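Two complexes come next, and they have one chain in common, chain A, joined by chain B in the first and chain C in the second.
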Partner chain A sequence: MGWKEYLLRRIIQLFFIVFIVLILNFLIINLAPGDPASIMAGELATKEYIEAVRQKWGLNKPIYERLISYVSNVVHGDFGYSFTYSQSVLSLIAERIPITLMLTLTSSILAFVIGLLLAVRSAQNAFSKEDIIVSNAMLVLYSVPSFWLGLVLIGVFGVGLRLLPTSGMTDVRAANTGLLLAIDILIHSILPISTLTAIQIPVYYKIARNSIVEQSSEDYALTFTMAGMNRSDLFRKYILRNSLLPPVTVFALHLGYILSGAVLVEIVFGWPGMGRLLLGAVYSRDYPLIMGIYLITSITVAFANFFVDILYVLLDPRVKYTNESS
Partner chain B sequence: MKVHENKNLLESVRDFWNKYKKNKGGVIGLYSLLIILLVAVVVPFLPIYDPNSIQFGSFMPPSLAHLFGTDELGRDVLSRVLWGTRTSLSVGFGAALVSSLAGIILGSIAGYFGGLFDEVISRITEIFLMIPAFFLILLIASIYGSSIYYVILVIGLTTWPSTARIIRAQTLSLKEREFIYAQKVIGSSASRVLFIHLIPNAIQPVIANSILQVASAILLEAGLSFLGLGDPNLISWGKMIYNGSIYIFSSWWIAFFPGLAIVITVASLNMIGDALATVLNPRLEERGA
Partner chain C sequence: MSLLEVCKVSVEYKTWNSKIEALNDVSFSLSHNEILGILGESGSGKSTLALTIMKALPKNAKVRNGKIIYKDKDLLNLSESMLNSIRWKEISIVPQNSMNSLSPVHKIGDQLYDILKLHNPSIEKKEALEIIKEKLTISNLGENIVDKYPHQLSGGMRQRVLIATSLLCEPKIILADEPTTGLDVVTQYQILKELKELQDKIKFSMIIISHDISVIVNISQRVLVMYNGQVVEEGKTQSILEEPMHPYTKALFEVQLMVGRIKKEDLKIVEKQDNKIQNFENFSGCVFYFRCPFATQRCKNENPRLTKVKNEHSVACFLYG
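Entry: the complex of A and B
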């Protein structure tokens, strides 16, 4: 399969994902018991508003016409309107995405580095006592609910030691600006970022450790060892490089998991990103907003996977080799 | 270990256990899960307080009378944690069962029949792997209501792709083997070959994956309940943590103990799943050296 063919295939897949996400959403609305218009409007909406929604989204028409009007509205960037916030869903979410990404990206990078370092240590002494202890500790950490870990950190560092702020993104009373504001945000983000980093470390650790262990038992590694190559040279030049790609793909595949973890952690820390928005939407049954968050996270994850796959092909020497020869 | 190898079943179980028990984490996880299962079964007969009784003082810290303290309504946290095992395990095992069944059926059809079946099912599997299950489940639970049966069904029906992938690969390699070919030659129907001969032999690697899915379903349910989307009629650890999070500054025990219960339960399952995966995947097993 050539490079262009692969790219085309992935682009078609991307379209399909977006399409299926939309269809699922459409089915959820239209198969629900009760009036789809009242779902599209949200539970707190007035009668007049529900009627307006019915007209706009064609909800009094047969189902295939509904589907067409639904897809065309969404494709034109109309994800619906939140009655509780009196604002379009897209702009509501767009405002909060950077605030959420600040947590998710920072913590993912930290977790990647820490997870990889631990994995290298573990894999170099594979099946030693240390490796087994660290591996099991990582399994336990992988079992910790993000929101609970956040609460435990609040209990220890916020309530017990009184070291760090536990809620919000800034100190509202201080009204800082400029550099002081940046420092303030940084201090407020320490606990949420630590929580999110901790829950992601096991994900990277596990995949990197297994990948290094598998690479070490590949034929080329055995051949080089028997030919007398220095162990650390072999590790640095060949094994580590070949083992690095799986953890990179994991980032994209786990983005959904990371975002859902981030949303729950934000709620615990009162971080003003998508999590708070979602919690409010769940409590006031603001369905358009919940749907918007589902649509936008799904589409983001699909695009992230797309870009990482493309990057993967560009980075992996083995894939490049087959392309040149074909 | 394979059924068609005609090995004594008891012998193969013993072989398997001998390999499994070398994995200390797996053994600890297994014993701990057995205890948790036992608690879930016998909890009505345990000498503990009524989990819904509000006759005690509110916000009582852990003491000999109330080992885990009492919550904002004066309910005994320990009894509620013990009763919560039922909700978590039901959702975990129920959802994993639904998702394994769906995955096995779709994966084996894709692998066995190939062609268009394979193309369509594989593409759908890839797509479902990428849709963030948590947000989809959340949307469905908020619109359709959150009875435990819905939660089980929805988690199960959104997490099947990993099983489908594994079983498809297994089916692909098994269908060329002689014992399957022999069945075709003697004229067995496709469904007979699939369900009687192929799936039972392909199922081994799925078991480890299914155990891990029980673990992740329990975490998903906890997250849903934390957002107020769990079954309102049941005692759920996630919901207890949410209630406790409001009082974290004064009464840490309300949120702490149910969370600890989640960690112990999910960690046991993850250790079992990991041990099974290691035993079943020789590449990750320890080499002689």
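Entry: the complex of A and C
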């Protein structure tokens, strides 16, 4: 009973948050400088033409009227039409989502797995030379900006070694189809995925390593050792399970940025995902598109948080979802 | 014939810039069905002693010399696998009570099952559950505890779970390391009573470690008083209770009996606490020298050995010869 109640409460909360975000997004963008009508009309447009564009898109109406109509449209599933693409915002975003996910989801999972494996290795030889070297290397990697790392990789593997393509998702000149196209896309994704993976590894590594080291010195580890359990069983059955909570939490929270987190890397590598779409929309003051992207992003962040809360209840028996006492 | 024989065990801890002697030539023996109390303040080496017997000392600790003989074998010289066959099955421990003495994210039943299975690899789950429930019941807990997590229990219940855990493989010796610390006095008394009843019923030897005189006096037949890593007095509980000899033991008893009437000058020994840490490296005198009200020149230069003063009552102090 408590479980369902909790879920229901959280879902209502979720809707409420998304609704507030929706309104805030609208207001902030409309307060920002720049006139979409004059940008759409072009540099050589006359005053009358700009006015006509403004009327056509309803930009001459007062802000609250536009807000109300926007909110009611969104509630009905209509995110509006992009000024610049003359296409429905929803379909534009839907086209880009899988392209971005290919980078972000793959790199997040890779980073989580690699970070965790390195952490296990480091923690089992905690404070050894290897551990100290890896830890410090991770610290350096953590402070490297993603776009810089991307540029370095382009310099080394693209320009220097001429091994990998450096920009775009496909080779435009080749016009591949079928399997060849898939391979082409895969090759193009190697550098951006490596960049994104590399900058995410340190977070998982640090958190998991410290968590494992901490758990290894907990009292229960001593209890099981004294009970005659060997190190590998103890690690596998108890320490790992107890240590996983923090890195899993970070991973789940990170899922919130899965659509918007790769903007810089997408720009560096000319990857036609959400990031590029957003950048273009901001340059051209494409209000409906910007708001659409922001909204989708906010929804993913809110959902990731929701997901973490649920996950916590499942993973850690100490977290209760109601105030019932045992 | 004694069951466990600890001979001249010395243990030291290494820190990044110094060595600390935690145990110095500690010797004692434990007989069948005996309850031995080890009394001492924080830092006296009691817990180090328990960890040495379980061979579970932290990495920076080193056993300098000594032997711990159990069934003709020196525990300190056993291989890891031999050791694991003795741990819990022959010698088990009731760890110091804490929130995390068991894993917080596993059910108690599952954890106890894992421990049981370590020493009976072929045991069926059903049979194991029977044993676990039986041990929980004799430790005064309900059978439903198996489905609970440690955080769902009170401090007293958690302590009983730890006692049940130590009984799992029916060991010959149980070490109880501060088994009632952190519990209120009523629960403390109950748990001690239960431990004693258990020991009467299923017969095992026990070493009970505490800083609390009342705990030790209540339950043990023989007492070892430790100070700064050394045994300073040893004897039958009754004998020590009636006639504490070492100035440290005396002071401990006096403080205990003076609750509510302590005057400032009575705390002189405690105030001298700071001196105890000073300059131990090149000091060859008595460990209690810096706090002892009866200290003489001889105490400064020479460390008194534990010598029998009367029937089964020994003390390490020059006041007694």
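Methods note: the second predicted complex is superposed on the first by the 255 of 326 C-alpha atoms of A that agree within 3 Å, B and C clash if a C-alpha of one lies under 4 Å from a C-alpha of the other, contacts with A are read in each partner's own complex, and residues count from 1 in each chain.
To be clear about the criterion, contacts are C-beta pairs under 8 Å (C-beta built on N, C-alpha and C of every residue); 3 or more make two chains touch, one makes a residue touch a chain.
Nothing here was measured: the structure is a model prediction, and the numbers come from that model.
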For this session: Examine A:Thr177 and indicate which partner it touches, taking first as chain B and second as chain C; both and neither are also allowed.
Result: neither
For this session: Could you say whether A:Leu24 touches chain B, chain C, both of them, or neither, answering first, second, both or neither?
Result: first
Exercise. Given the touch rule stated above, what does A:Met226 touch, chain B (first), chain C (second), both, or neither?
Worked result: second
Exercise. Touch check for A:Ser86: first (chain B), second (chain C), both, or neither?
Worked result: neither
For this session: For A:Leu259, decide between first (touching chain B), second (touching chain C), both and neither.
Result: first
Problem set entry | More chain A residues in contact - chain B or chain C | B
Exercise. Where on chain B is chain A touching in the complex?
Worked result: 24-25, 123-124, 126-127, 129-136, 138-140, 142-144, 215, 219, 222-223, 226-229, 238, 241, 244-245, 248-249, 252, 255-256, 259, 262-263, 265-267, 269-271, 274, 283-284, 286-287
Exercise. Where on chain A is chain B touching in the complex?
Worked result: 13, 16-17, 20-21, 24-25, 28-29, 32-33, 39, 126-127, 132, 135-136, 139-140, 142-145, 147-148, 151-152, 154-155, 158-159, 210, 213-214, 217, 253, 255-257, 259-260, 264, 267-268, 278-279, 282-283, 285, 287, 290-291, 293-294, 297-298, 301-302, 305
For this session: Report the residues of chain A in contact with chain C in the complex, numbered from low to high.
Result: 218-220, 222-230, 237-238, 241-242, 245, 315-318, 326
Exercise. Inside the complex, what are the residues of chain C that reach chain A?
Worked result: 54, 56, 80, 83-85, 87-89, 92-93, 95-96, 98, 100-107, 114-115, 118-119, 148-149, 151-152, 162, 165
